[in-house]
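As written, the chains take the letters A, B and C, and residue 1 is the first residue of each chain.
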Amino acid sequence: MADLVAELGEGAVLTEPAALRLYGHDASTIRGDAPPVVCLPRTSRQVATCVRVAVAHGRPFMARGAGTGLAGGAVPTGDPVVIVTTRMDRVLHLDVPGRRAWVQPGVLNLDLDRRLAPHGLQFAPDPSSQQACTIGGNVANNSGGPHCLALGVTSAHVLAVEVVLPDGEVVVLGGDGPEPPGYDLRGAFVGSEGTLGVATAVLVRLTPLPPAVETMLVTFDDLDRAAATVSAIIAAGIVPAALEMMDGGLAAVVEDFCGAGYPRDAAAVLLVEVDGPPHQVAADAAVVEAIARAEQARAVRGAADDAERAALWKGRKSAFGAIARIRPDYYLHDTVVPRAALVDVLRQVRAIAEDCDLLVFNVFHAGDGNLHPLLLFDAREPGVMDRVHSAGRRIVEVSLAAGGVLSGEHGIGLEKRGFMADMFGPADLEAQARLRCAFDPEGRSNPDKVLPGGSRCGDLAGGPASPGSAGPGAGAGDAAEAGLWV
Amino acid sequence: MQDARRGPLGLDGDTLAGCVQCGLCLPHCPTFRVSGEEARSPRGRIDAMRDVEWRGAPVGAGFAEAIDSCVGCRGCETACPSGVHFGELLEGTRHALAAGAGPSPVGPLQRWGLARLDRPRLLRAGALALAVAQRVGMGGVTRRRNLPLLPVRREPLRSTGDDVVLLTGCVMDAVQRDVHAAAVRVLTAAGFGVRVQPRPGCCGALAAHAGLSGLAARQVDALAAGLPAGVPVLVDSAGCGAAVLEAGRRPGAPAAVVSLSERAVDISTFLARELRRLPAPSPDAARPVVAVQDPCHLRHVQHAHECVHEVLARYVEVRALDDEGLCCGAGGSYSLRHPGEAAAIRERKLAAIGRTGAPVVASANPGCALHLAAGGATVLHPVQVIDRMCRTGSLAP
Amino acid sequence: MGVSAAGRPAPFAAMDALALEVGPTGPVAAVGGGTRGDLGGALDAGTRTVGAPQGILALCPEELVVTVGAGTPTTELEAALAEVGQMVALPVAEGSTVGGTLAAGHSSLHALALGPARDALLQARAVDAWGRVVTAGGPTVKNVSGFDLCRLLVGSLGTLALLGEVTLRTRPRWRAGVWVAGVADPAGVLAAGAGPTALLWDGERVWAHLAGHTDDVAAAAARLAALGCDAVVDGPPPLPPHRGSVAPSTVGELPAGHGGGFVAELGVGTVHTQRAPEAPAMPRRLHELHCSVKARFDPDGRLAPGRSPLHGVRVTG
């Protein structure tokens, strides 16, 4: 504690129990214990110091951004030193013609977009939490969002990451060029949920804002037709900028809440957005409309201007606000299934919810099969949490059985650690553990996340200690030499 | 264990249960923006309240500090997807602390001061003393407490009729009479006779924000009792407007208070309805560029900030800020009690104003105006903008 | 392995056979078409070679994925996808295999629009250093379950595991494209926002590939013609043999170092040069990290011995 205060200053180290308790959880339903100390560094060098001090005292460490994660990735385990990146909120260097920027991990996703908009650029990953989540969090979770169907998830938009390794040394993974030498450690780091080290600066790739956009709200009386429309759009050679589906019940609730023009009595609605060069967009929009009508869509409503487009999206984004009036709590699930299996899985999800006596609504990124069942409940009801978790387990099982994966956006964290063995075999998990051990042989960085217990470095067959690995307390001199953002 | 019984803070269980800890409020909270700390965010404050109400945590100095550090801007309410009434939780907690549930930051001097807000002569004397002191070398002290140069002279204010009543308030009447004078001129020019109260009284906003709800209730009750009935009550202070609006919802509020909250309307909302009656701008008059700051109590509580933009657009080129109404840090008495934080929060607002390129900013709240002016901005009340454009065709006084 | 609702895919006979062939010990390397055997240093003499399974296993255009044996020729994959109006973001060359292309990790000439090769691999079934089949990634276009080993494998030159079957992300094939060229300022062309899929520069001339809707292509061509790229050509210029990677914003410095002997991919930073590029520098700790990864995945160094993605790197610090 004293070491941390000496290096960071009193205002940057939290030790008061009431304040520490607030860091015992993130935005998921998983609660952990209050960590022993929370640090709020401002520079890469200070982060490296936090890590070194933690290691020198034999403690693990854990990074945290805004704490909006839904899988428990930022829930403290093992009494770690928590390193909060919220004060590292500067854009370090913006290169408009080069379409890239070095940013600190605490920059908020939407703040970055706002800063870029006057230059005609954006940072493509747009998770629903984008107004609050940090770039560092996006990197840790390999975040997606509705617009990732065409543009790709965070990994496709990160060129390099400056990382404080679990031994306190600082390296830059990836680089400014397209094919840096060696392995794609940058790619391995993105989505590693804070288990390989702490990102202290990120070189993000910026995407030009599209010249033309068309947004349409399509109403269906039949869920199968809605799903068929999604497949048909893809089969027609169109990859929309966004392709969101909401079940009819949610659309009705949303309409009651914010009057965005959604139908109250449909089976499903589709929000389709196509963007790109103007003629392409016009042609694609026409094809989408034709397909929708061929699939007996009840209505196709295109946005005439930006204001109307914002109104259509408002409906989609108001989903949480709308359901809050029905029940005070919700559990947002996250699975991915092949698009062809979407309707079938949806039916099974509804059956599970009914079986567990819970309300469920569904919103999904239909374009990439990313399903988000929303279970509604009142947490104060005795015994309800057991039913909620049971429903969650069964939803995961159903998704895997349909040929899907465990998570499309939220990550594994603590929430789905227990399911990893259902998706991956022992050799697969071992391979993942090897990656982790190469970075963190002693398991100090956000321990107990992602991989189920038992995948420890010592248990792995073979594997001598990495040659010449530096011990704790190694200086950061090399970092400055390498031109890092310390 | 969470249950519906009220704990030491006496908060409503359903209201407290509504938060799902999603964190979407964080970027809209000024104290979170400048500190990066969970305890200084709405989510963290609610979680701390739950620790006390539901989980038996002690009401210690840390908790009191977390609650006291909140500006009370309610920007989190606008952002919350679950519709949590944070303002209700905050004032309830402050009330409990002030009543002795735990260490309260509201000291005896502050209580004395808040109880004296309905004494106009006392306020005027105090303001005059400060104004003089600022001019004989104490300017630095008051600047650190986020106060700009206060006026020494005060215009007389005269009624021009009985169509509407203008609520002149307490602090605003003592130090910003010129805004009230401009309001009277504008309303009169639009054909409305304005009654100005000789002994206005206080709406109770500052007391309510400090958790002294008993005092706040007494103050607003006295104010309402002294107002003529049946006519619209115009308010040119966003903070007072919000307080008056919410006073009517208090269980057991007297009929006069309920009537007041129904008749009270922000002056810009009123003018927006009567736009045709306002003097037309001269067609070849230059349209100066004016940035508009949306006071939190106008935007997040009254939801009436767009009327200001609408009315001003008739006379000047309006530039909205790009920060979604993030608080400026004035917060009633916040800038006096937490000058460092208030100044840090102000930096962000000044930067947003700077990004518009406008040399002048319009603010419909006296507290915000004083706070921004102390930070170097040139601030006018929207009615002052209209008044000056009508009388001189420019923003010159 | 189809992406059907019938259940999770069972191990294919071909993968088991590959695993048996690789076995648990002894030096071994995968060989594709042998077109880029020069990458990463020469294999140790006496290294046994194996070939990955070939053939299209599952083509699912509506799911935007395709699963193939890693030994499948890239030309065969391209043809099969073209039939359903799709393509992948990998370079296609006579003689090269899908697995080899992924192991080399080089992106196509159209990376400006398609993205790098590493973003194309969704799931891989590979044989590890212990001769076991491991699965990395997942069969869907969106997946954040566990660590992203697929990205680790792309460009790894077969030194961490041997690719057997891969599932790739597909995209609609673009409609008729056209190459235009002319003497123009590279910065100006890049900033013109004409949406080219490839932009090449040899220090003097700029080549641009435009594809998409006919009217958009015509508009883009006109914009580029105004800047100097006014000739329609058959294709890109011949590419010099060596390949380097620079920050795209530094492409302007290339003529000073390479004279006329280079072709650079604008906006991407891949440079094709006559002269071999300078050895890239790598800080000591980073080099250790790469070596540590290799040591964990292949403690005995039996996979592709002698070959390494770190070949020729100059360790600094």
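To be clear about the criterion, a residue touches a chain if its C-beta (ideal position, glycine included) is under 8 Å from a C-beta of that chain, and two chains touch if they have at least 3 such contacts.
Keep in mind that this is a model prediction, so the values were computed, not measured.
Asks: Sort the chain contact graph into one of these: line, ring, star, complete or other.
Replies: line
Asks: Which chain is in the middle, if each chain's centre is the mean of its C-alpha atoms?
Replies: If we average C-alpha coordinates per chain, A lands closest to the whole-structure average.
Asks: Any idea how many Å lie between the Cα centroids of chain A and chain C?
Replies: A distance of 26 Å separates the two centres.
Asks: How many angstrom lie between the centres of chain A and chain B, each centre taken as the mean Cα position?
Replies: Each chain reduced to its C-alpha mean, chain A and chain B end up 38 Å apart.
Asks: Counting in whole Å, what is the centre-to-centre distance of chain B and chain C, each centre being its mean C-alpha position?
Replies: Distance between chain centres: 60 Å.
Asks: Under the touch definition given earlier, write down the residues of chain A that touch chain B in their complex.
Replies: 14, 16-19, 21-23, 25-27, 40, 66-68, 84, 86-87, 89, 106, 108, 110-111, 114, 129, 131-133, 318, 320-321, 324-325, 328-330, 378-380
Asks: Under the touch definition given earlier, write down the residues of chain C that touch chain A in their complex.
Replies: For chain C paired with chain A, touching residues are 3-9, 60-64, 85-86, 105-107, 111, 115-116, 118-119, 128, 130, 132-136, 138-152, 154-156, 160-161, 171-173, 187, 190-191, 193, 195, 212-216, 219-220, 243, 245-249, 265, 267-270, 280, 282-297, 299-300, 309-310, 312-313, 316-317.
Asks: Write out the stretch or stretches of chain A touching chain C in their complex.
Replies: 95, 97-99, 141-142, 144, 148-149, 152-153, 155-156, 165, 169-173, 175-188, 190-192, 208, 211, 231, 234-235, 237-239, 276-280, 283, 336-341, 344, 365, 368-370, 400-412, 416, 420, 423-425, 427-432, 434-439, 450-451, 460-464, 466-470, 478, 481-482
Asks: Across the complex, what residues on chain B touch chain A?
Replies: Within the complex, chain B contacts chain A at residues 2-4, 13-14, 17-18, 20-27, 32, 36-39, 44, 47-48, 51, 57, 60, 62-63, 66, 79-83, 322.
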